[in-house]
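Each chain carries a letter (A, B, C and D) given by its place in the written order, and its residues are counted from 1.
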Amino acid sequence: MNSAFFSELLNSIADKGRQLLKRGEGNGAAPTAGSIIELCRALLSGRGEASGTALAAEVLNRYPLLDDTGKLAFFKALGTDFGPDQARLAKAVIAWQKNPDQDASTKLHFESEPRRQDLFRRLNRAPGGTAALVAMRADLLNIKDKDPALAAVDQDFAHLLSSWFNRGFLVLRRIDWSTPAIVLEKIIRYEAVHAIRDWEDLRRRIDPIDRRCYAFFHPALVDEPLIFVEVALSEAVPNAIAPLLAEARTPAPLSYARTATFYSISNCQRGLDGVSFGNFLIKQVVEELRRELPKLERFVTLSPVPGFMRWLAREREQLAPDEQAAAEALIQPDWAKDTEAAERLRPVVESLAAGYFLRAKGPKGRPVDPVARFHLGNGARLERINFLGDRSPRAMRDAGGLMVNYLYDLDDIEKNHEAFVNQGEVAASGSVRKLLKSEPRSRLQLTASSSN
Amino acid sequence: MNSAFFSELLNSIADKGRQLLKRGEGNGAAPTAGSIIELCRALLSGRGEASGTALAAEVLNRYPLLDDTGKLAFFKALGTDFGPDQARLAKAVIAWQKNPDQDASTKLHFESEPRRQDLFRRLNRAPGGTAALVAMRADLLNIKDKDPALAAVDQDFAHLLSSWFNRGFLVLRRIDWSTPAIVLEKIIRYEAVHAIRDWEDLRRRIDPIDRRCYAFFHPALVDEPLIFVEVALSEAVPNAIAPLLAEARTPAPLSYARTATFYSISNCQRGLDGVSFGNFLIKQVVEELRRELPKLERFVTLSPVPGFMRWLAREREQLAPDEQAAAEALIQPDWAKDTEAAERLRPVVESLAAGYFLRAKGPKGRPVDPVARFHLGNGARLERINFLGDRSPRAMRDAGGLMVNYLYDLDDIEKNHEAFVNQGEVAASGSVRKLLKSEPRSRLQLTASSSN
Amino acid sequence: MNSAFFSELLNSIADKGRQLLKRGEGNGAAPTAGSIIELCRALLSGRGEASGTALAAEVLNRYPLLDDTGKLAFFKALGTDFGPDQARLAKAVIAWQKNPDQDASTKLHFESEPRRQDLFRRLNRAPGGTAALVAMRADLLNIKDKDPALAAVDQDFAHLLSSWFNRGFLVLRRIDWSTPAIVLEKIIRYEAVHAIRDWEDLRRRIDPIDRRCYAFFHPALVDEPLIFVEVALSEAVPNAIAPLLAEARTPAPLSYARTATFYSISNCQRGLDGVSFGNFLIKQVVEELRRELPKLERFVTLSPVPGFMRWLAREREQLAPDEQAAAEALIQPDWAKDTEAAERLRPVVESLAAGYFLRAKGPKGRPVDPVARFHLGNGARLERINFLGDRSPRAMRDAGGLMVNYLYDLDDIEKNHEAFVNQGEVAASGSVRKLLKSEPRSRLQLTASSSN
Amino acid sequence: MNSAFFSELLNSIADKGRQLLKRGEGNGAAPTAGSIIELCRALLSGRGEASGTALAAEVLNRYPLLDDTGKLAFFKALGTDFGPDQARLAKAVIAWQKNPDQDASTKLHFESEPRRQDLFRRLNRAPGGTAALVAMRADLLNIKDKDPALAAVDQDFAHLLSSWFNRGFLVLRRIDWSTPAIVLEKIIRYEAVHAIRDWEDLRRRIDPIDRRCYAFFHPALVDEPLIFVEVALSEAVPNAIAPLLAEARTPAPLSYARTATFYSISNCQRGLDGVSFGNFLIKQVVEELRRELPKLERFVTLSPVPGFMRWLAREREQLAPDEQAAAEALIQPDWAKDTEAAERLRPVVESLAAGYFLRAKGPKGRPVDPVARFHLGNGARLERINFLGDRSPRAMRDAGGLMVNYLYDLDDIEKNHEAFVNQGEVAASGSVRKLLKSEPRSRLQLTASSSN
């Protein structure tokens, strides 16, 4: 039945070109995964080549009309039926075993390429193809776990998208109040760290003279930021987020700016998960700002500490008595409102935080904190721990109110990165290290327990 | 030694960042293939990751300073030392042989990927990386035959560039007198069919109201056309090139235009050899023109016949006596100046030309003529043979002065393409077919002789 | 004192250039009208010419720091001290009286030019000068009545601005969701007919496929619309505003659009009062839309009737009894909520409205309604009266809920315009004329009473 | 007759709008000055107002079809028939004489405005109106002397264009190899100082890293430069033009640049004669360059001395014997080829040149040299005299091979300008002044003779 449909379709193409394709599209019947897969086969067979990108457009137009079951069936078919040609692969394997030279292994590589990679490349030729493929992969990620065949499909997606969204193809653009609304609307929607409430809130982040926002774009995804970072310019390094985002705030004159603070960085495209942009973005923005404002001396972040409270709960048994008391205090509602009591907690909490960053390690010997792993992996240094840097409910719950600054010093990032990657060493400022000094006995055990 | 250099370099990076890289660059000693290969290794090792794109830029800055010997050595090293990890590949082969499922073949595919592909992707991150890689491949094509190891390198280049220059990433731009000079200069330089003598000649091709020029661009290659096509608008289908290019010519009012003639199409980037743009370009230009000028009825080419005279010489033994006489006449100097004699030749030459296109076949059963293979493969139809369509020395020598029109009829291109690809059938108009009617006996032999 | 200040200033310029100008600006003392006037004199004297636009910039930077008294003093000085040179004028008058030829009257014209016109032209040379002058005139309009000397100043402003904002210098731009936020923000702020509540409301006006918005811009006023019009595309002529602005609304496919409705037109720049843009804007938008959508058949407005209720109150004595009753009913709160009662009112109200437009005349024999005067003066025709077309509080209060459509038929606008300008004839459709047919006796008197 | 034509035309407008206007245009008969003048009257009468800009477009379309006689007739009619309304003017004169206050003189000003000014403003509303008016005035300048009535027309043109091309409306754009060919073509054509031979010559002026070119544009004259300046960047101040324009030349690295030399400045629009751009252009380019290249220390010109040889011939009688001998030598062909003889001439010629600039005065007490008047009037200083700075035939003939550098020192231009304008004082460097030191007796006479 699908096949009859498909025959009719291809005849249509041959007979009257794309007009009939469009008729097919509009004939009322919802498309099925099977019919789309047939189109994919036609696309790969090359039969439809001469009608240019019409077949590809047809696949991409129909796919979004599938319901969840349809999409699952579609991806499963991609996973099982669009692998490499096994016969040719077997031949290439034998040839390689006989003589494993460059030619044979190259041959092996090309013969083992799943045909869905070529399918994706052909689909990409249609107008809007890249955006459609990114959206398709976002769907796939949502249901990837439902079938073991989907992992291979995702690997091919990830491989291709990673190649196409190579940093060399990305364009940095400043986001400000002259940016088209169609882009700004997405900045509001995609902000993942400190939510943007409305257009006025947005304006406070991008329009004042001491604020900057930059995003990476890809030429094939018009009006769609891939990742963006929000920056505050100031004299000193900020130690809390609220003053940065305050409604009533006098912008600082640029002539005083010595510090650029990256206080929010958000990925925008679920379908590009695993393609890394953040490291490149931060470094290019540092370069942009240095060019524009040669007086800038420091590039830091003001970052959340999303894993601190969970870690504290998990490690509670290992803590010294005063630390246990502090951990207990941090989960009381409104504890921070009692300013004096809070001040008494400060040294213990700061010391615990230093331990959290410098000693606690996850399974691969890396810091427990995901934000720390990102910035330290980029070669940044843990610069300062900010007690009660963020009093928002989420931060109180996840981080006990903590924020931290990471410092990007271009002279040190290579060294820091190397030490982090090779020896798992965490670059930290003297003042952070000092917080560990008065080392309680319990901590040693803690380190031991978590260093696996 | 190289390795010492490399150590010092990496220390430099770690110690003082990119400044030292630049010192290395400027220290007087010309770079060697070996030193660049060391940088490539560092780039792949990930050691240099944190200094962002500096290492990649360094490789791309140094490579052009190599002389020919250096470049050959560089490519050979890429071919021999940057293949897949053979140990991991062997393991993947064994796993696949045990259980040749999707996962295993996917694994096999990724493990067999030559590391130079990843190297190219990392090099592409540097500013100007894409252009530098395209230029690098142009170099490679020039020396590819000098060493068997280079074929695999070129395959990897071709694979990546073909993916990156996917039609979905190309941008069509009209070329006219408002185009920046930096682009126009390249149109002059890259025109490969009917040479553009100077800026005035260029202007006659792109500025008059009845002329069009379109090019594909890639966002990462600013100011560099990839391929362009020149178009003349007129009422009737033109049968000769000279009137189109004449210096003194009154442009035709657009309201009379019924025919768009593609009279020149040129690829611009040697480094993108094998990535096909022409088919897509012609079809998108057809769409552009239909949108702008709904009264257009015909989209044709005015094309050269580059292989006719060579074929005629080769087949001379097979020709009938009058054909042999004609073939002899066509190689006399200035034969076309005797108008009457030329007119007497016309029927025989046209008939020979019809045979050349419709019957003579190359080794794969396709037409001998490369231009014919391109347009017929796109689904066009051979529409008309133009006796003495081009009297330029080159055309007289290669084509006996012949030109032809191919017709792009969107309703038929799919059907034509299928028949051409599957049955080797050449789509041709009735008038061209009729030229074969009065079939001399000799022709049968000719067909037989060339249909292998 | 001022003069001492001024001397020091000019010395500064001579000695150290603009640096000192800036010091002057920042030395804490608020500027005075007198000091700015001194700068103006210097600017006119040509003494400061060589330091380019620095003096002009200084005047424009200081002026906004004046308080209201200061501004009044500044404008009075412009009015009294920057007129023509009376001695030279007197000479030109005598020469003209002796021999009133072209040369003499030209001479008279140039000698009578107030020097403030030249001052304004010199001020305009500074960066941002045009915007500053437009803002200055907005200030002037606010206080024009406070001193008789200001009228002449305003005339000069109006003369120059009208010349500079000549339609030939204006640029039409479409406003949509791709427009920079900095412009959209002003669309929200300047909308004067149907207020735009927030960004979502704005989006409903400019983003859907069946909505358009166009504005005139001037190259020297970046990001500042001068006037804009909002357009709805639909099959039929709309008879009420609420459905057009509804939050939940399915946009109509463009293929059905036969009518373009201009439902809101707003001037943006108070400082450009008296420079007319509306006529030109509507006509160019008609041309744009016809080019884009050749199937459009009708260009109409959906317009308010701001003077209807006031006129009705004024004329009450003249009305027939049923009309008096209707007039009474229209001022009851919530009268429109009783649907049946409202329907009973409809014929009388429509007939009254027809009289309001076709018979009631203001002092110059033109219609009482200002919106009617604008559209009829442009050559439009009164096409339809829409009972309860706008149930917003303002429209109920001012227009008894009425709206009307004016029709722009390019074939008739010249004829309509001529008849309106020369004979005061109001172009109206047959259906509107018919509403007058069943003419109550009272109406004759009414016409008489208001035709002065 | 004309009037019948005109009636029919206006009826056409009223009846069928612009369609008929176009029919009129195409009916074969060449337009006459009279018919165009009738259209102008209609335009001013306001009758054609509602058909928008159609009438204006009609005038501007027809005008260029007039032959020279027609144009003269057209301008004469403008001069004689489009002055002010004499009756109203007379009334305003009387009122002013009675009470010469601000209101009366303002009234006088507006009533004396020639109606052709309003005509020009209305013509400007048509698409392309500004360009058409500028072209019209260029025509007028060519025949201005043929009739005394034309002077007034030109004054009105000059007045309006000067207001419309106010520096505040001009846009500075850099001209380089990325500039559209349609603009570059005009740079080639308009270059008036050192002719640009072809596109390669152009490229040498704008493309190398140590060359700059900037132009002023007006938003209403797209692709039409108004004035442009060519700049060379170098370490030292250049003393000859040939090395700057040499075909084979190695561009200097920007890091060495300390001097920016303006070596050519050309006005482009004959129709804008008398509207001064040069002063503004030079000063803004100085600012641009200082921003881009903070290390620049000197902004100079390398300028021709067009009046030197003519002056020398005129003053020959006044010269001392050695000077007379030098003057005689300078008119021998090829004198500069004898290097030694030339060197012997150098001191006398330099001394004569110093006298030419510092002592010789024209009728208004200003320097004889027009280029000197321009730069000195801008506040520049005569910095250096360059013996044999330009060996081109024109320069040898007009300037005896001399060139000079003028220095723009922003700290001094105000002072220089004032002294020049008020006391006729020529700012000159010490080294130029010193050339006068060894003052020959004859010079005193010379000064006396030319200081009237």
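Definition applied: contacts are C-beta pairs under 8 Å (C-beta built on N, C-alpha and C of every residue); 3 or more make two chains touch, one makes a residue touch a chain.
Bear in mind the structure is a predicted one, so any value in this text is a computation, not a measurement.
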{"item": "For chain C and chain D, chains touching each", "value": "none"}
{"item": "Shared interface partners, meaning chains that touch chain A and chain B", "value": "none"}
{"item": "Per Cα centroids, the chain farthest from chain C", "value": "B"}
{"item": "Mean-CA-position distance for chain C and chain B (Å)", "value": "59"}
{"item": "Mean-CA-position distance for chain D and chain B (Å)", "value": "50"}
{"item": "Geometric centre distance via CA averages, chain C-chain A, whole Å", "value": "50"}
{"item": "Of all residues in chain C, the ones touching two or more other chains", "value": "none"}
{"item": "Pairs of chains, among all present, that meet the touch criterion", "value": "A-B, A-C, B-D, C-D"}
{"item": "In the complex with chain D, residue positions of chain C that touch it", "value": "13-17, 46-53, 79-80, 83-84, 86, 89-90, 93, 96-97, 100, 102-103, 105-106, 108-110, 112-114, 121, 124-127, 129-130, 148-149, 151-152, 155-156, 159-160, 163-164, 166-169, 171, 219-220, 279-280, 283, 378-379, 410-411, 413-418, 421"}
{"item": "In the complex with chain C, residue positions of chain A that touch it", "value": "177-182, 184-185, 198-199, 203, 223"}
